[in-house]
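Multiple structures follow.
Next come two complexes built around chain A: one with chain B, the other with chain C.
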Partner chain A sequence: MFSYCTDPSTLEGLSWLSCYLTTGKHMAFYQSFGIVLVLLAITAPVALMFGFAGATAARSRIWPVSLLGKSYTAIVRGVPDIAFFMFFVIALDQGFEYMRHKVKCPDWSEPVRQGNDFVVCAQAKLPLSTSPQWMHETYGFALAVLTFAIVFGAFAANVLFGAMKAVPHAQLETAEAYGMSSRQTFWRILVPQMWVYALPGLSNLWMILIKATPLLFLLGVEDIVYWARELGATKSAKFTEYPHGNWNAYYFGGLLVFYLMLTSISERVYKRLSLRLSHGQATAAGEAQRKAAT
Partner chain B sequence: MSCVQTVQDYAFRSIGYGERLLPREDYTLCEHFTLIGSGMIWNIYFGLIAILFGFFAATGLALAKNSRSVRVRKPAEFFIYVFRGSPLFIQMFFAYAVFLSIKQSVPGFSLLTTAWLGASIVLFLNTTAYSAEIFFGALQSIPKGDLEAADAYGITGWTRFKRIIWPSMMRLAWPAYTNEAIFLFHATALVYFSGFPVWQQRGDALYYASYFADKTFNPFIPYPILAFYFILLTLAVILIFGRIGKRLNRHLPQAVVRRPSFMRTLFR
Partner chain C sequence: MKKLIVSTAALALTAGFALADDTVRLGTEGAYAPWNFVNDAGEIDGFERELGDELCKRAELTCTWVKNEWDSIIPNLVSGNYDAIIAGMSITAERDEVIDFTQAYTPPDPSAYAAMSADVDPAGGVVAAQATTIQAAFVAEQGWTLVEFATPEETVAAVKNGEADAVLADKSFLDTMVGADGLVMLERMEQIGGGVGMGIRESDGDLRAKFDAAIQSMKDDGTLNTMIAKWEVASQW
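For the complex of A and B:
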């Protein structure tokens, strides 16, 4: 990085540290913080969509649909999320490959499961074995995002289901009295009003989501935990220009601080948001704002 | 090999009794059930230890957070903030690294890096922080009348805490505390995937489930079995905690008892 970094063994103290912290691997480490933020930015809306679909399904008047929605939320919550992460990454991957296999190689006669192997034809592989490295990484990341969205969608469905029930019933009856169809009532009355009830649960969920992001490591993505382990491990002079002992504690301490910052910022944003959303609502917080204004 | 034989060989494999080698090929459904069930011993052990010690520590910590003295309150707040604000996964890695360096520099601490002690400590600290926050919230919502009545009767100090504050606090915190217990049991699945090494393939349920999934490349058998065991465990926790909760509420007029619903707060 810096010009004086060509021979690190001659460096001491701060200049050594400045060189050490700017090696190529450290740059990859810093970029992996971006991966975490990207994951959060993508997963949150997708999970919210899953949750919305789940909650709407659970409210449905058609029995099988509502059963589907309710069992979706119930199962995911009864089992550790880490188990789901480990399950879905393989299951989704095999599911996609199996579907492609059925479409692309219809005249393949052998079974897909042969003993302990899962065999699909070469054209059905995801991503294709000929595709470049970045495709493989992106596919792995996309699988991780989908897994997160499925698991957190179930949590979000639970929150939104509760929020939909919390909207005062009189509001819906009024809408009906004005001659709105049930679809209009849902989109124009229920959905706009439910957010203030959903917000505490969703903020809680956001916190859990933040705290679940290190599990990316288990899904095979080169995330911050991967790099912290890589960089923190003992390095001997034989393999690197920057030998050091076991620095795992420092690296993971750093990650701890990063996550503390992330959650503190989120908490502050949440406070603002709830103030904003309570405005004009028929809740205690909204009432307090009204009184303060007059 | 019959299923009875398999159960004899592997039922206590996770704590080191029975067959030394794990099954290598032709994994039967019976082997799946037995080994994953055997691993559940660890999950239950971690959960019970952490809840048992965490309960008392959390009560103390909640009182510390409620204290009027800044010197008592601030450390308690900081402790809760650190453990609730960061992922358990990272806490495990961090703790393992710290334990490792303690072990290397100070003799006599070699047990800290083993999962049964080290991970128990981390889980204990983690659940203490979460439970303390729950207890603190309950402490703040104790009906004012209860405390005034205590004052009127001249009940003070330790008696006031033991007879008035603590029972009310428990009663109010119980539904949320039940959720915390459920989540703690779920969190025990993290232990062997976060730094703490598995010794002689004696792992928890998730360790064996992922062992099977890796070997057979078929996730559709081991993970549903794992889910089955965890759902059983969750139901057991709900049942036991529900009994205790009922007992805590038994002095109230029964028609009025409205325990906050369990579903709504199943988050931490």
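For the complex of A and C:
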């Protein structure tokens, strides 16, 4: 990075540190913070969408739809995360490849399952083995987002399902009495009021999601914990220009600060949101706001 | 959900324009110096990096490198996420049932113990080893107390902080670790494993033949021995 970094063994103190902290490996480490943040930023809304769909389906009066919503929340919540991330993702990936295989190589005569092996034609590979590494990484990342969204969507569905039930029934009856259709009642009365009940549960989920991001490495995405472990590991002089002992404590200390900052910011956002959503609601918090205003 | 699937499928289709020219993806762990590790620039380096590149050159293949955690390195091979494992993996009968191996590129070498003092007796003590390795299997077979870790680094750390009495691993790996923080090599060694080879899918006989031939040619002209000596990973052929 810097011109004086050509022979780090002659350097000391700050200049050594400045070289050490700007190696290619450290750059990858810094980038992985971005990856984690982007993952959170994409996954949270997608999971919320899954949750909303799941909760709405579970409430449906049409029996198969409600069964679908209920079994989604029940099954996914019951499967351990690690099992989900180890096997479901491989299955999902194979499912995509199998579909492509059927479309792209209809003349293929060999079976797709050969003993333990899963073999599709080269054109059906996802991504193609010839495509550049960033494509493989993006694909892995997309799979990660989808998996996180499915898992956390199931929890969110349960939270939202409960929140929808918590909205006072009198509100819905009043809406009907005013002649609103059930669709109008749902979108204009139920949904705006349910958030305040859902918020504590959703904020828990968000915190858990933040902490679950190290599962990314199981999906081949190199996240901050992977790099911290790799960088903190003992480095002997033979294989690096920057030999050091086990520095895990420093790197993981850094991660600790990062995660704490993230959660403390989330806490603050949560407080503001809950204040805002309580406004004008028929809840104790809403009532307190109303009294304070008068 | 539908939208997501559609957009993923769209991503998949746009990725499909390149022609199916054979690129071989090599999977490794990247945490097992001197065999394979991540260098300062963040790239995979080590004996197997050099060996893999040379083998690909001889077999006239285009190769790329992929990092994968040790625990899931075989499942990801059989499901086709990469085409070969080159990660210091010993050839064992158990693994051979799931995947195929090329001929060994390093001879079977004894595994060694490292501990905090030279008079530790691993038998009857607590021994650390990396999970799903021949060393872990060996300790379990002996009926000693085994503590397993996901990465080699953690097995050594366990000995340093007293969680385990000794660590059993490939001697070449421990060579890079002993000497620091009072860690010493024990005299006792265990003759386990059948040499290290590349792991290939069982259905991928062509690729295995290509790498087999390339390894043979490196054995014949002595370049493999030179490489082994350079990285000090094993004994000579």
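Everything that follows uses one rule, which is that the second predicted complex is superposed on the first by the 293 of 294 C-alpha atoms of A that agree within 3 Å, B and C clash if a C-alpha of one lies under 4 Å from a C-alpha of the other, contacts with A are read in each partner's own complex, and residues count from 1 in each chain.
The rule is simple: a contact is a pair of C-beta atoms (placed from the backbone, for glycine too) under 8 Å apart; a residue touches a chain by one contact, two chains touch by 3 or more.
Please read all numbers here as calculations on a predicted model, not as lab measurements.
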| item | value |
| --- | --- |
| Room on chain A for both chain B and chain C (clash or fit) | clash |
| Partner chain in contact with A:25 - chain B first, chain C second, else both or neither | second |
| Partner chain(s) touched by A:90 [first = chain B, second = chain C, both, neither] | both |
| Chain B versus chain C as contact partner of A:149, first or second or both or neither | second |
| Chain B versus chain C as contact partner of A:118, first or second or both or neither | both |
| Contacts of A:264 with chain B and chain C, given as first, second, both or neither | first |
| Partner chain(s) touched by A:139 [first = chain B, second = chain C, both, neither] | second |
| Which of chain B and chain C A:274 touches, first, second, both or neither | neither |
| First (chain B), second (chain C), both or neither touched by A:100 | second |
| Contacts of A:236 with chain B and chain C, given as first, second, both or neither | second |
| Clash with chain C, by chain B stretch, listed 41-49, 95-103, 203-211 or 239-247 | 95-103 |
| Contacts on chain A seen with chain B and repeated with chain C across the two complexes | 86, 90, 94, 116-118, 217-218, 229, 246, 248 |
| Interfacial residue positions of chain C with respect to chain A in the complex | 1, 4, 8-9, 11-12, 15-16, 18-25, 30-31, 33-34, 37-43, 45-46, 62, 64, 66-69, 72, 75-76, 78-81, 83, 98-99, 151, 153, 156-157, 160, 176-177, 180-181, 201-204 |
| Chain B - residues contacting chain A, complex | 25, 81-82, 84-91, 93-94, 96-98, 100-101, 186-187, 189-190, 193, 206, 209-210, 213, 215-220, 223, 226-227, 230-231, 234, 263-264, 266-268 |
| Parts of chain A lying in touch with chain B, wherever the complex brings them together | 75, 77-83, 86-87, 90-91, 94, 113, 116-118, 155, 158, 162, 201, 204-205, 208, 210-215, 217-218, 225, 228-229, 232, 246, 248-249, 251-253, 255-256, 259-260, 263-264 |
| Touching residues on chain A, where the partner in the complex is chain C | 23-25, 27-28, 46, 49-50, 53, 86, 90, 93-94, 96-97, 100, 104, 114-123, 125-131, 133, 135-136, 138-139, 142, 146, 149, 217-218, 220, 222, 229-230, 233-234, 236, 238-242, 245-246, 248 |
